[in-house]
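Two complexes come next, and they have one chain in common, chain A, joined by chain B in the first and chain C in the second.
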Partner chain A sequence: MFPFVLRRLGLMLLTAFVLTFAVFCLTNLQPNLEKLARSEGSVRMSDDAIASWIVNNGHGGSMLNRYGEWLGVVPGWVRTDDKGVTRGRCIADGSDPAQAATYCGILQGNWGFSTFAKVPVTTVLGRSLGHTGWLMLAVMLVMVPTSLFLGVLSGMREGSRTDRVLSTLAIVTTATPEYVSGVIFVALLASATVGVSPHLNEWGWISDKTLFQGTATSAMDDITWRNFTLPVMTIALYGIGYIARMTRASMTEVMTQQYIRTARLKGVSFRQVVMKHALRNALIAPFTVIMLQFPWLLNGVVIVETLFNYKGFGWTLVQAAGNNDINLLLACSVVAVFVVLVTQLISDVGYVFLNPRIRLA
Partner chain B sequence: MDALSWGSILAHSVARFLPVWIAMAVTFALSVRYKRRLGLYGKLYDSPVGMVGFGIVLFWICTAIFADLIITQDPLKVLSGMKNALPGSPAKGVAEDAYQYYLLGGDNGARDVFSRMVMGAREVLIIAPAATLFAFMVGITLGLPAGYFGGRLDTVLSFIANLVLAFPVILLFYLLVTPEIVQIGIPTYMAAVLFLFPILFVVVLFNSRYFMVPARRNLYVGIVLVIGFWAYAGLAFDADPTGLWHMDPNLLNVFVSVVFVNSPGVFRIVRGMVMDIKARDYVAAGQTRGEGPWYIMLWEILPNARGPLIVDFCLRIGYTTILLGTLGFFGLGVSPESPNWGSTINAGRKLLNLFPHPALVPAFALMLLVLGLNLLADGLREESLKD
Partner chain C sequence: MSDKITDWDPSTPILQIENLSISFFTRMREIPAVMDFSCTVRAGEAMGLVGESGCGKSTVALAVMRDLGKNGRITGGRILFKSRDLTTMSDEELRHIRGSEIAMIYQEPMASLNPAMKIGAQLAEVPMIHEGMAKADAWALARQIVADVRLPDPDRIINSYPHQLSGGQQQRIVIAMALMSKPALLILDEPTTALDVTVEAGIVDLVKDLGEKYGTSMLFISHNLGLVMDVCDRICVMYSGEAVETGNVTEVFDEMRHPYTQALFRSIPLPGADKNSRPLISIPGNFPLPHERPPGCNFGPRCDYFEKGRCDAADVAMDEVPGGDRHGTRCLKWREIDWTAPPAARVAKEKTPIGKVVLKMDDLKKYYSVSSGAFGGGNKKVVKANETLSFEAHEGETLAIVGESGCGKSTFAKVLMGLETATSGSIMLFDENVQSTPIQKRNTDTVSRVQMVFQNPFDTLNPSMNVGRQIIRALEIFKYGNSDQERHNRMLELLDLVKLPRAFADRMPRQLSGGQKQRVGIARAFAGGAKVVVADEPVSALDVSVQAAVTDLLMDIQRENKTTLLFISHDLSIVRYLSDRVLVMYLGHVVETGTTDQVFAPPYHPYTEALLSAVPIADTHVTRQRIVLEGDIPSALNPPPGCPFQTRCRWKSQVPDGLCDREMPPMRDVGGGHQIKCHLSAEILARMEPVIKVAAE
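Up next, the complex of A and B:
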């Protein structure tokens, strides 16, 4: 078990380095830097001025070197200009260059400054990850129990009417991406002019104009049913269908096993067979699937946060990319890649841990 | 002139789709008549789920083909006074002989929602299957040797595939589909690599088949190489002298990114299946007969892996459709003018509370197409398992 985990960890680290390097290259392309020079310096800079701005602000030199600086394994750049002012990657404005650290990359906890939000990247990232954390928690609480329940229910008796109905529903939800279901939900449940809200209001069932709110901006301060239901539903819906299908497949496979038949022939009730014998074996595969859903959830988060204007991680990523905020986009990418790799590791290790038939030396 | 009621909107819309209904009726009648001779496709008509799925997919394919006949207005034309017009509104200021209504209303740019939805179908049905096909070519060409030979080749290729799969798709799109990337020419380099695989695949396919008949082999491989590199020059480098093969730089960017995202998934499936199939007796028999490794891979293993691959192909077209919609939704790589479903949904969501129709129409269209593909895949899986 231990060498297996160690090997996986090593592979994960290698993957993380390659991926962050790729992201670094793609965000630090020459046109991006020129755009940055124009937005940070002046719009009317000549081409020569742009070129010298890029070099003077530490964006010159080889990509590998800059990546090392950003990572914190290569000494940060230091440059003294004609007026004798020394500036550098690790030197804060107005501080003494002599006392500055040599290395200041993300390994030292220096994630840089966000040019879009005008605050350090860690501040933006911490705030937005907090918001997204609540969203993910709510999604998980809704999605995992619902999908496992529906999957077990339809896989219990393969081919029954319940199975047919639930499987069709699962196919429908997997065919509905977040930007489609979100739009439909808002039009149906959160519009004052169409959908169900005007009728409910007319009948006096709801005091507000709409049943739910079409934006989740207020949920950043105070989460309520009205402002948080639709975003959570929108993300959860896609995952529910997918995980339910996987659970169903796993459950139907388990239900055809010899030991289930033996248990039935022994006279154990169907209920007992499902609860005691089948369920535990059937839930091993969905565990992996749930863990591997995280990358896709990340997708859903970006779409839903944009759709409902909820300023979490996804919203920040979109803003960072749209505003050419290199440091922030890099930080977002590191977080995203980290989440994906860690969930992959957990799913691999967890699978081995849960499944007694797999023994790794 | 009065606005249409909901009933007559429905009747008018159904009537506009007349060419589609005719084409579908003919296809279904012929297919049901000869279904015993049509292999897996014929068996589809034994499964209700598969038939419904195929029906929906066929509907959209026919819509894409006959889009010019179906549309009621020019999808890009702006009519003054039709901004956010409700469904069934009479079109103001159109010629006498032109269509007199905005069947499903007007969008925020005063364009016809119905016609834009129909043209959007054409756009997505050209790109999605083509991109999926390219992804399959790349995935198969790399997955076959990785699974068959194993060893270091497999380790390296699997590592690269896992790298791409570890990227959250949306992040990859935000990094890969930008004007800066187009400016620096990365899509061209990616196309130069990715577009080689289809040529490579077909060349190896014919070469291994007709290796013993050099005359035919040379003829087929020659034809493939000429046509292949002609298309390759046009698509990847925009250097086709006749101008037949051409791709807009932004479209190339989107296309290449979608192929790039999809290929590792195909690679993993093909690799897994090859590893399973290569232990079978008929592969051992082929090896004993002295067949070359590529002949075994392409003509012994691949045909036996076709069932799951066809199912995955259907699912993946649906997935690609969703991806293209996502790109449009975030406004990546599409012009705001284009009737792309994703960007239309994005444009319509700002006024969703007041005028939901411009966003809902493409949303339902996209959902229906993906649903059809998923149902079709489900039906195919069911029928192919019966063998």
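Up next, the complex of A and C:
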């Protein structure tokens, strides 16, 4: 098992390396740098001024060299301008240039400074990942049990009425993207003028104007039922349909296996056949799918966090991309690679525990 | 609390099926699967249900279990179990009977055990459900029953998962599971079909002993007549959804009173049959599809005694044979037929002259290296699939390669075909060294001269290409002919060769029966005028009545083309029937080789001896010496030191100094080119008795 995990970690590093290089190249294209210069310096800079701004702020030179600086394997740039002020990658504002380190890339733990948030990248990322973490946790807690339950329920008697109703529901939810379901939820449950809230308010069932809040901004400080339900529901709904369908497919297949017939003809009751014989075998396949949902959640949160104005990872990613915040974007991609590969690792290791036929080397 | 039915008079039959009819309902139509089926199983009796695939024997078994699925329904008749009608029972009542009173053993042991549950848990479940036994007691019982089915180290076994056991061990577990609550009736649905013969022999012995020990009645379903004779007291022959003949096993075997039973016996290779002087007689025509059954007698169109206007007039009822032991036949003419008459003149065929050497293998070795981890890595191990394989095959000769699964016979075929390359040694094919030439690099000529007929005709034809096109494709690859027209004509000739109507060229594989598909496979193999044909179990997936026709076809083509046939098989009856020389393999080694007569008569290699004794023979005049091999075939990953067979050999004690444990025996000539790889001394070999004795008629 250990060499396997080690190999996976190596693969993870390699992937992160390749991906960040690609992102680095794209964000450091000349037009992007010019745009950055305009937003950081002045919108009315002349072309010459832009060119010198780019060089003076360490964006000149070869791409590889700059990537090396970001990584921390090439000495950070140091430049002394006309006024005799020495600035550099590793020199914090106002500190003594003589005491600054030579190398300051991510290998030294320096993730750089976010040009958009005006604070170090680690601060921004830490905060937003924290927010997203809570969101993901809530989504998983809702999504996984619900979808497995629905999947098993519809899969244990293929073609029955329950199966057809649940399957149709699953298709509908999977076919509805978050930006559609999110908007419908807001209109239906979180509006003071339309949907159910005005009626509930009128009947005196709720004291607030709306049943749920249409924005999750307040959830960043204090998660409540009112402000967190809608974003969680919006993300979970899509996943529920998807995982339920996977579970159903796996369950129907297992239910036709010969060992299920053996169990039935042993006199095991239907309930026990499902619980003791079918369930574990049926969960092997959806387990991988559930683990694949984690990286996908990163994707889903981009829309939902923007929609509900919740400043998590997805929201940060959108802002970083919109403002060509090079350091922040690179950090986001490292996080993404990490999440994808770690969940895959968990998925492979967990598979071994579910399926006794597989043993890790 | 126990679920057993107690108010039952033991003098009445355990199971009584009366005029049972079962249909499957599809969107299109109702398909009758079983019609007017009756049979009786008394306490302690073993009833054999035989017939070809599709005759409805498994459907009857599932009907007794009332597990016909969503589409199946019992449309008439009664199934009385201990005088209670199963057909009217509720699900809850059935649940108490299943597993506790009636237990079932299935064809594929691996598929019928839950892969994610420990053996012990699966076994202990039965008494926990039916007798409300405590978990610890149930596990203790499971351990005891596992020991009862003669599995070594029961403590380890009950804590393992099914995939950690071999096929034979798994089947013993399924049997143990069926015995957990001492059922009154055991239904065995082809319990040994997926197993090797030596393992099968062990299972059959076990089932018989347990039947006697617990007094369990059995319903034994099989297509193998020999096996039924070994296990059962009574037999019921089924054809196309109906029971055609039923009675005492000896009576039905010796004095059959139904033309189908007779035809069935004439189509199986019994000792005495010979491909040249006494060829098998195949049943003409095909098995009718359930919705295309003929009027009147179902067997009518294929029957030698068919009388128009009488046999096809009305449904035939079961008729009691007077003086028999509850012997019945569903034939109108059974009183008129002369049952002692010998079969209509068999056309004796000329023996093919054996020509020059076309294939010579010398000291061939094929090793595989495998890694032991699920994700690669781990220790590299070497599997010795073939070890020092040397032999010659002549033109027009049939060389049989016999052995159980894992003995390396398929690897050998792959190396010869060029699908794998040899590790060392040489293969001379028509004066050409091919041992290290993979098939991609062989020239068209070599490829078309060495062809293969595969085991499973259902998987080897492209389902989306019609038959003619598949054969033409082979001709194109072999660069036969100059124009499409020429190839088309050749394709039609090939269809003639394999005795298929030319109209079949436009058919799709799914429209063909198993035997017809295999004929297409043979036509494809001979498309390029193959000189050496490797037939890898060509008939083992086919029904008995079709087997004879396909083997005959192979023999005929061989006679015409002087083909060298390498016949790979585990079925010794068919090998004895058609081969000239035999090569017996065990764990990658050739342990015995010689002409068919030499190999089938003493002196034997101990493995050949056991193999011969394990094959059930459907002939009451044959007495067999029972030699049941202990244990399983060792893994090729970890072969025993010394002689490969020493772990299961019953003669091992006759060899002094533990030579078998240490040294690989040399190949010894025991006279006339008959070679045996064994340490046994010449005197002991000479003392060996024949395993099969045919009593004078």
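Just so we're on the same page, the second predicted complex is superposed on the first by the 345 of 361 C-alpha atoms of A that agree within 3 Å, B and C clash if a C-alpha of one lies under 4 Å from a C-alpha of the other, contacts with A are read in each partner's own complex, and residues count from 1 in each chain.
The criterion applied here is as follows: contacts are C-beta pairs under 8 Å (C-beta built on N, C-alpha and C of every residue); 3 or more make two chains touch, one makes a residue touch a chain.
These figures come from a predicted structure and were not determined experimentally.
Counted by residues of chain A touched, the larger count belongs to B, out of chain B and chain C.
In the superposition on chain A, A:30 makes contact with chain B only, not with chain C. When the two structures are aligned on the shared chain, A:321 is found in touch with chain B, with no touch to chain C.
Contacts of A:176 after superposition on the shared chain: chain B is touched, whereas chain C is not. Using the contact criterion defined above for the overlaid structures, shared-chain residue A:191 touches chain B, although it does not reach chain C. In the superposition on chain A, contact of A:83 is made with neither chain B nor chain C.
By the touch criterion defined above, A:258 reaches chain C but does not reach chain B. Looking at the shared chain after the overlay, A:280 reaches chain C, while chain B stays out of its contact range.
Within chain A, no residue touches chain B in one complex and chain C in the other. Interface of chain A with chain B (complex): residues 11, 15, 18-19, 22-23, 26-27, 29-32, 35, 168, 171-172, 174-177, 179-180, 183-184, 186-187, 190-195, 214, 295, 298-299, 302-303, 306-307, 317-318, 321, 329, 332-333, 336-337, 340-341, 344.
Remark: chain A residues 3-4, 159, 257-259, 261-269, 272, 276-277, 280-281, 284, 348, 352, 354-361 touch chain C in the complex. Listed in rising order, the residues of chain C touching chain A in the complex are 3, 65, 67, 70, 95-100, 103-104, 106, 108, 111-117, 125-126, 129-130, 161, 163, 174, 177, 371-378.
Taken together, the chain B residues at the contact with chain A in this complex read 49, 159, 162-163, 166-171, 174-176, 178-181, 183-184, 318, 322, 325-326, 329-330, 342, 345-346, 348-349, 352-354, 356, 359-360, 363-364, 366-367, 370-371, 373-375, 378.
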